[in-house]
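Following this line, the structures themselves.
You will see two complexes here that share chain A, one where it goes with chain B and one where it goes with chain C.
Up next is the complex of A and B:
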């Protein structure tokens, strides 16, 4: 992307991000918050795609983040920021530990393995009524706050979610565009060659997998403290598949892709609300058209040939 | 003195194919060793097993007295055992200099935890840049430093393959058919380059090569494989006189020619 194009894209992104404040409408805030939360899950999936692994367990990691954060805040009495950090650490640690084993598997087998893992995580929430509340989930999750600053009102929570998305994007960019990104790209472009020069591919993939779980956990924590209640089915494979569609629609090769996808797909059902009967059909047809005519996603239109 | 590289009864089977079948030998430090054998003898498979790229079906590999870590491709390379490939290998989009820098960086920053040490990245990048300049000069690639590797003549691409391995600072370099597909002049240049890598940079070499005159000039010891087994092992002159070698290798070669 040229400099001018980058500036225009940044301005457009800022305008879209700030628009809900101008609209000042409660429902717009609500949808915008969901875009941020689901967009984060899509970013987490994006990370696994960057190491050539489709992980269908990201919804599960979001769930781990949601339950951990909810329990740490509600039952252990931690303030929200600490509960959030705790949830991130727990999810990342679980992913790193599992990654050592499951990342040795590649391709379709990895997708299937993580499909099972995602379902197993949800099953654990269902089966272990203590502490996870079984099918009813958890209620009475304390609303988010930063010290004395309450984030309970939608504008405040949206502002916070926006800041989190921004920070996550910065961190992910640092990972993908910096020296680690160089290593990851060289692995993606020529694995035998990179390996022959000493690259510990498993360690690198594990790092990215743990980072992806961390981002999913952030999404889960925001979700839990925004809604105030959670139940297991919100984190099943369906959530991951939605995140995958966001990546495809927004463009898989682009860091902004998953967010562009979330921006389109989260509000979409609201647009078609008047024609609920055709909602699924219209949704399916739009996806089909996108994949046929824009194989690199909507983001691919803006990005030209460059990578993040 | 411990051997630099030791193989004990090493095997690798693919289904019914015994690509490597009970190979044992030990290589002292500071040598150039030739590895020859007809097509399909198991030479490349041997390199793949020794470098940890694929698991052995049986047996042991010791590099500088320590065994190969199972299931950790890259671990041997991090200890200084670097291989080059029979086919030309490159990263699309990168020029020659960037290939050498990247090779040096990948060795220096092999695992994420290495990035945590303060100043490590900046130091590794500076070092990689110096090393790339040095090796461009050393290999005569300086003139094409900025050219994308895929656009170079085949002979130069083969040199880039060896140069990348060199940028990863090996103590032992396994070169898989570095002269395959090269014309007479290019082969002589490759031979001279390998000799200089050994003499001037103190790197030990194991060279797989089909060009018998070339490999016999180059190495102090020759190991011949056929059907995954060692059929002759000694000085080039000894191996040339060995009956097994003449039957299995020259025999089939003469038929083909």
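Up next is the complex of A and C:
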């Protein structure tokens, strides 16, 4: 993309991000907040795709973030910002510990492994009624606030979510543009050569995997404190598949891809509410068409022929 | 108690075998993880409903017809969708997930979100050595075992089966020997999806049908296939017995959630420490 095109894209993104403030409608805020939350999960999945491994456990990491944040705030009485940070640390630590073992598995086996892992995480929430509340989930999660500033009102929460998305994107971009990104590209281009130069590939991929879990946990924490109620099935493999679809729609090779996908797909069910019966069919068909005819996604269309 | 455990184990293992056989066959031949496998089970169940309860055909004829429908849809999907993604592991998984959403959506669009009521053609129980066995479940398990045996015959005793096994072992070498993957691929899909359709049509009168019934079916197939080794048919048969025992044992002693958790724990352990499964090849 040229400089002018980048400026146009940045302006368009800013306009879209700020549009809900202009609309000022409660429902628009609600949809916008969901776009931010689900977009973050899609970004987390995007990170695992960048290490060439399709992780179907990201919904599970979102769940770990949501439950950890909810329990830290509700039962341990921590203020929301600390609960959020705690949830991120817990999810990232679990991912780093698991990553040491599971990232050795590659390709189809990794997708299947994380599929099993994602289901197992949800089943743990169901099985252990103390402290996870079983099938009923957790209720009465305290609403978000920053010190004295309450984020309970939708406009305030949306502003906060927007800031979080922006910071996450900056961090992810830094991660991918800096040394880790360089190492990952060298591994993708020629793994044996890169390893012969002394690259500890597992350590780098583990770092990215932990970062992806951290982003998923942020998404989960926002979700928990926004809705005030969580239940296990919100975090199953279906949630990950939705995030994967967002990546496909937006474009897998582009950092903005998952957010473009979220922006298109999250409001769809709200628009098709009248034809709820045909909603999933239309959804699936357009997805298949996209996979078959536009494999680089809509974002790929915008980016033209240049490599992301 | 122990007799009941054995009965539950055997009945569920037979259905698990049938569920897993098609899944592992398609993976073995095409290297495609068919995440839409559960949806073909669901198609079989709905096809049975249409043929038996709407058109009024007897169960004995409706059962193979339902499987035929699932098999034909499978061939169409192979031709239109999967063929383009052969060799692209992640791409084929994603497109299979998209296909699963589409098939679920298509059935929801036609039949609605609530499952139809399906007549139960077989009822009553038999008592065997102190264990009570429902006749319909016994019938389903028996048919499942016959189908597994027939598929085995197909693979070891026919030219088509030989070609499928050859392509599964080494697609390149098979092609050099004049076997065309473009005929073995649809054949594998037809057989794999028809087996899934049979599983759906056999269980629909017992457990009913619903658009999202494929999820549970996929889980079972997935666990069995990974435990047994992706692409390995004898492995899948042994793993189906293991899963049946694990499921029945833990469900009776504790609860079904813990049984599911244990089966996923086993899957994770196998993938980590023996990624090729019990009998799979690396």
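Assume the second predicted complex is superposed on the first by the 304 of 308 C-alpha atoms of A that agree within 3 Å, B and C clash if a C-alpha of one lies under 4 Å from a C-alpha of the other, contacts with A are read in each partner's own complex, and residues count from 1 in each chain.
The criterion applied here is as follows: contacts are C-beta pairs under 8 Å (C-beta built on N, C-alpha and C of every residue); 3 or more make two chains touch, one makes a residue touch a chain.
Owing to the predicted nature of the structure, the values given are computational and were not obtained by experimental measurement.
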item: First, second, both or neither for A:111, with chain B first and chain C second; value: second
item: More chain A residues in contact - chain B or chain C; value: C
item: First (chain B), second (chain C), both or neither touched by A:280; value: second
item: First, second, both or neither for A:136, with chain B first and chain C second; value: neither
item: Touched partner set for A:150, first chain B, second chain C, both or neither; value: neither
item: First (chain B), second (chain C), both or neither touched by A:194; value: first
item: Partner chain in contact with A:126 - chain B first, chain C second, else both or neither; value: second
item: Doubly contacted chain A residues - partners chain C and chain B; value: 104
item: Chain C partner contacts - residues on chain A that touch it in the complex; value: 49, 54, 101-102, 104-105, 107-109, 111-113, 115-117, 119-120, 123-124, 126-127, 238, 241, 244-245, 248, 277-285, 287-288, 291-292, 295
item: Interfacial residue positions of chain A with respect to chain B in the complex; value: 104, 179-180, 182-183, 186, 189-190, 192-204, 207
item: Residues of chain C touching chain A in the complex; value: 31, 33, 81, 84, 89-91, 93-95, 97-106, 108-109, 112-113, 215, 219, 222-223, 226, 230, 255, 257-258, 260-261, 264-265, 267-268, 271-272, 275
item: Residue ranges of chain B in contact with chain A within the complex; value: 51, 53, 71-75, 77-78, 82-85, 89-93, 102-103, 105-107, 109-113, 115, 121, 125, 164-165, 168
